[in-house]
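Working notes, structure below.
All chains are identified by letter, namely A, B, C, D and E, in their written order; residue positions are counted from 1 within each chain.
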Amino acid sequence: MAEPVLELSDLVKNFGALRATDHVSIDLKPGEIHALIGPNGAGKSTLIHQICGTVRQDSGTIRFAGQDIGHLGVAERSRLGLGRTFQVSSLAPEFSALRNVMLAVQAQQGTSFGFFKPVMRDASLIDRSMAMLKRVGLQDRARLAAAELSHGERRQLEIAIALALNSKAFLLDEPMAGMGPEGSKSLTGFLDTLRQEAPILLVEHDMDAVFALADRISVLVYGRIIATGTVEEIRRDPAVRAAYLGDHA
Amino acid sequence: EPLKIGMITTLSGGGAGLGIDTRDGFMLAIKQAGNDEIEVITEDDGQKPELAVQIADKMVQSDQVDILTGIVWSNLLMAVAPSAVAQGKFYVSTNAAPAALAGENCNPLYFNAAYQNDNLHEAMGEYANKDYKKMFIMAPNYPAGKDSLTGFKRFYKGEVTSEVYTQVGQTDYAAEIAQIRASGADGVFAFLPGGMGIAFMKQYAQSGVKISIMGPGFSFSQDVLGAIGDAALGVKNSGHWAKDLDNEANKKFVEAFQAEYGRLPSIYAVQAYDAGQLIASAAAKADVKDTEAFRAELLKADIQSPRGKFKFNINQHPIQDIYVREVVKDGDVLTNKIIAPVFTDHEDAYAKDCKM
Amino acid sequence: MLLDVSKIEASYGASQALFGVDLAVAEGEAVALMGRNGMGKTTTIRAICNLNPPRAGSVRLAGTDLKGKPSHRVAKLGIGLVPEGRRCFPNLTVHENLVAAARPGAWTLDRVNVLFPRLAERHAQMARSLSGGEQQMLAIGRALMTNPRLLILDEATEGLAPVIRQAIWAAIRKLKAEGLSILVVDKTLSELLPVADRCVILENGRSVWQGPPAALTADLQDRYLGV
Amino acid sequence: MTLALALEQLLNGLQLGVMLFLMAAGLTLIFGVMGLINLAHGSLYMVGAFACAAVASATGSFWIGLIASFACAAAAGAIVELLVIRRLYDRDHLDQVLATFALILIFSEGTRWLFGSFPLYLDIPRLLQGAVALPGGAQYPVYRLAIIAAGALVALGLYLLIGKTRLGMRIRAGESDREMIGALGVDIRTLYTVVFALGAALAGFAGAMVGALQSVQVGMGEPVLILAFVVIVIGGIGSIKGALLGALLVGVVDTMGRFLLPQVLALFVPPSQAGLIGGAAASMLIYVMMALILAVKPRGLFAAAHA
Amino acid sequence: MLTRETIVNIVLAALLLAVPLAANASGQPFYVTIATRVAILALAATGLNLALGLGGLVSFGHAAFFGIGGYAAGILASHSFSGEPLLFGLSGTKQMPLIWVVAMLVAGLVGLLIGTISLRTSGVYFIMITLAFAQMVYYFAISWPAYGGEDGLSILVRNQFAGVNTMKPVSFFLICYVLLMLALGLFVLVRGSRFGSALQAARQNEVRVATVGIAPYRIRLTAFAISAAMTGLAGALYADLNRFVSPSMLSWHMSGELIVLIILGGTGRLFGPLAGAALFVIFEYLLGGLTERWQFFLGLILLATVLFARGGLLGLLAGKARHG
């Protein structure tokens, strides 16, 4: 078995009296899509936040690419290769789609303390960014400000940014949300190829996509993992059906 | 060729009252002189040093004035006067008189028609010797405040129980009043010009503390008395002038000022009036372009000052009498009444360092 | 007709987004507004509510022309909006979000709490820290509390877990059965179509097709929705 | 130093705190709750004081003046909101800075135009004059006790209004998303006008109350403005409780600092030096405190949960 | 291809040069002084614009840096005049370039210090904590007697610049003008650079910047220090212009005025500070000559500008700002 790229063990996070993450241990192996599903408010986003560093865990460890990252800042973790998208799009609204991606490319190339060379004449930034936009199908919208993109397009842009980071693992928080049927379909196909580049921890409520993509599924309920297994195992699990799937199975 | 005077003073914002009295007093003198060869340009400095500098530059460079005057505040004066005299212009001060320009750095082109900043405080120090064994003294924490307490202590021989520096622009004095109450002093000397004095006096009156207050004339000048109200009644303060000073020139001046502007003059008005008279008197006899001659005429101080006698010291600051005054009610209006002279022919402490 | 939208055009600054949308919702009817990403669904809804007042065409609600009416007037005439992106008030608690703009009527706090027990559990929590799905429930509850005649849901079930989604569709059915009119945008066709009485499809800022769900053939779906 | 003096100073500090709160109360509403940067708040304070002084001297009654201060400031606030502020809600915060900066100039010069350049007379009403004996022998001015009472009442009223009423919820909702609260059927424009006018009225009321203790003159609002911002920020924006506690803290620290720093320093240097340095340090003290608090708690002491 | 904004900018830069030269030629040296004031204020505001316009760091305490620069010039000059050694046996100087370097270093370092603490906060808290630091410096300067306290410090003769007679208004103006142009050039470079991208993105969405792996704090701190240094340089020039420094350079009014200049001209726009400074100084001067109530009318004009000229003067002249 390959070493996991990302490994959470015994993660706990409390918000006051509420235990949002309750001794969670999951991992992400090379080449796989590991779906994390669970009812609203189960703690999925909170878990992603802890992996990225925007929320600090109360206890437990997070290992990524062979090192303990639990104490690092957001930017440091990102530089190690954690690429994420947000549940609610989070972009630089005044920048064009292109410049949003360029920011990621520049960060990825190493330094942001260049004071003199104009970015808009920097082919190493622009070419790569355009390539990323093309991959998500936004090449025609490259010059539009992020604020002018439609909801669905913004989701695509977020993915382009994560791609540009050359991530060693992707954390995608509901990438399908707000995508039309067509968008969902193409995104599903896209993620399917993306897993070759880096494994994906996928939080998603779109079960069609999850069932089509996931190698493994973990189910989070009230902060606790109640089941991990293959698509078939999870579909059949009565506890999961009751807590989450309902008659969607 | 006419004599051009540039008057820079504070006509807007919180300190405008002083500037307006300055302007009005000055203009009265010029008007009375009846010399249409004298032209005055007035501009507002908004009590900002940068603005004062800018206006001074303009008056010197564009309007080509011969004399600058009118600044109320020491910090603005320090921004304008040294460079004005360095460019060969006269500066005649109507109020501000920082020590820095009275001693070593005195200048042949710099005249002060008002006093030297320490003088009124010195007079209170001398006055306090008579009846007060222990004094509580306070002033705002800025150079004029420090000069004030230094001036007071220069003449006061008793014990100073505490020496308190308040914040510039402070509006609440409960903490200081509590200290006064506990100090065991038998008198309080407070230099708090403008709004600070108004606030302090009102609060002191309500506090139930009965220790008597005194201060320099600035704290109890005509411009603030109305706002302090009856709380100021009976307070002793020092001044080189008061409305009731008994001389012909003063009667004429007070009458003329009231007729012209419909209010009582303050010390700022008197000082500016004298500055105006000084310039007019010199202009009548010498050409301002002839710097030496004009300066000589100014030095003679050939004027009828409402202050009575008036002459210049070696450092071109006045030698004059200083009185203790008391705030009284004259009909409906609060005003100051002279009680007794404290100093006659008083000279300031810095003149001896002036080598001119 | 409760809502009658005819030939509206709207733009964001200089760029035009709607080029003529026609749309009607009858009393008690549920209409699905469909179209690919960026085709103008949200813009249409904003135009109806006078959040982006249309610069041509007309919008009438129960016969009243909405032209020039500020959006709060429009809301008071009976439109309840569940906006895209939820837009709960982050600095208010769940309870405050619900009651702040409530107007009297059949929908009360208790009823909303029965519909979404999760909200009752979280009533004192700041909306800022709610999970995404909880916020969606809150946004729906908040609109219901204004007791509208026409409920407009933009991305009605985005981000909700399947069980909750089913609950919401059930609720929408129930609301419809009670006579509430509904205009809804949602991407899950399989769940949307059974609820809708009629569909309106937008393409590039124009309404290009209208009809009952049954008439929405696979061919049409492929052409306009990319399914 | 006696214990009685220390106690009296502590009381002075608390009283100054309540006074600061009274001055900050209107700003809490406009800035803390509506989220509007209003540099002209001090001008509304000044308007209140001038209205009170003018009406009191015309009618001979401080109380009528007090009512006038409330009314004039409210009217000024409403006019400002309708003509200026209303157009700026959906703009950058910075536009509010420029606009309200302009309003300061207009109000200050306008007031001077109307009332002249000399400070006005406004005295404490007869009813509240003099001092009462406190247990322990000290005396305390009645008027200051009245200010404490007024401040406490305003604090309570605001707390209830913002935290407990639907009006308060709507204002807060409007702060985070004006468009949305409008889309839910709340006439946020009118509501904001009313709230702004109320904030202005509170400023005017404070100006009149405090004006009787200080000097009623053009520019009197400016030191207040900065202090009021300090108070609100220390307490945590949007929190009434925070503003009150922030005010008390500033009041006590400032008073005790002015009083104690020179005395402590006098142990090391000659008294007149101690007075100077101590005075200088005391004037910086509240800013040092503010910087420290924000360095440790970047959102103030009571980062607004609510009210 | 020239955009409208570029044309407006070129015209502004040319006007700022042409007007004083013409005034000087026609024997009106005072207008040269006014233009110098505009150039210096524009330089100070350009410094602030870096932090505020690009980085969204609304500093309400930039007067501190302006004043520190001013005092650096004043103190160095006064020590050079009196011959007393300054620190560690170092003596004062009257050489402008040296003074500038010192002013920028000191202001930059203080900026670094203030920024280190202030940047932990954000939004309105940031506005207020920067104000708090500036007030500390202000009160310190008022009550610290060594350099004149509130009375300030006079520089009797303007400092020197090799080969130029700085007392001639035009010469001094040209020095300031060149420095302003250099600063604007630097602003353009920084704005378009990687650093500038990160800085502007951090203004729009801090979390986004962190998630691509750039620590916003360090970016902002650097920007804040550069901004402080630039404003400090302007302060040193201002001291030389007035031949005087005083705590009023440090007061919150000054900070407010710098912000007002930027907004008046157009926030975040390259020539915003210059346009704003020119407008402000011209109004102040013209109105001041017309009426004693000039502040009232200045207020009205400013108000009209906010209400009717969205995006400041440049917004009016050159349309909306564009971000690549």
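What we mean here is this: a contact is a pair of C-beta atoms (placed from the backbone, for glycine too) under 8 Å apart; a residue touches a chain by one contact, two chains touch by 3 or more.
Because the structure is predicted, anything quoted here is derived from the model rather than measured.
K.L.:
Please report the minimal path length, in steps, between subunit A and subunit D on the chain touch graph.
P.N.:
Each step joins two touching chains, and the minimum needed here is 2.
K.L.:
What is the set of chains touching both subunit C and subunit E?
P.N.:
The shared contacts of subunit C and subunit E, listed by label, come to A, D.
K.L.:
Once you count every C-beta pair in contact for both, which comes out on top, C-D or D-E?
P.N.:
Higher contact count goes to D-E.
K.L.:
Look at all chain centres (mean of CA atoms) and spot the one farthest from the centre of subunit D.
P.N.:
Using the mean of the C-alpha atoms as each chain's centre, the farthest one from subunit D is A.
K.L.:
Once you find the CA centre of subunit A and the CA centre of subunit C, what distance in Å lies between them?
P.N.:
Once rounded, the distance between the two centres reads 28 Å.
K.L.:
At what distance in angstrom does the C-alpha mean of subunit E lie from that of subunit B?
P.N.:
36
K.L.:
Just the number, please: Cα centre separation of subunit A and subunit B in whole Å.
P.N.:
Distance between chain centres, rounded to whole Å: 74 Å.
K.L.:
Return the distance between the CA-based centres of subunit A and subunit E, expressed in whole Å.
P.N.:
44
K.L.:
Could you check subunit C for residues that touch two or more other chains and list them?
P.N.:
None at all.
K.L.:
Among the residues of subunit E, which are close enough to touch at least two other chains?
P.N.:
139, 142-143, 145, 293, 295
K.L.:
What are all the chain pairs that meet the touch criterion?
P.N.:
Chain pairs that touch: A-C, A-E, B-D, B-E, C-D, D-E.
K.L.:
Which of the residues in subunit E come into contact with subunit D in the complex?
P.N.:
Residues 52, 58, 117-118, 120-122, 124-125, 127-129, 131-133, 135-136, 139-140, 142-145, 252, 256, 259-260, 262-264, 267, 293, 295-296, 298-303, 305-307, 310 of subunit E touch subunit D in their complex.
K.L.:
Over in the complex, which subunit D residues touch subunit E? Could you list them?
P.N.:
The contact residues of subunit D facing subunit E are 31, 37, 39, 84, 87-88, 91-95, 97-99, 101-106, 108-110, 113, 226, 229-230, 233, 237, 276, 279-280, 283-284, 287-288, 290-291, 294-295, 298-300.
K.L.:
Can you list the subunit A residues touching subunit C in their complex?
P.N.:
That would be residues 15, 37-45, 87-88, 148-153, 174, 177-185, 205-207, 243-248 of subunit A.
K.L.:
For a test of understanding, state which residues of subunit D touch subunit B in their complex under the given definition.
P.N.:
Listed in rising order, the residues are 1-2, 4-5, 8-9, 12-13, 15-16, 19, 108-109, 112, 117-124, 129-131, 138-144, 210, 212-220, 223-224, 255, 258-259, 262, 271-272, 275-276, 278-280, 282-283.
K.L.:
Name, in rising order, each residue of subunit C that touches subunit D in their complex.
P.N.:
Against subunit D, subunit C makes touches at 49, 51, 70-72, 74-76, 80-81, 83, 87, 89-93, 96-97, 99-101, 103, 126, 142-143, 146.
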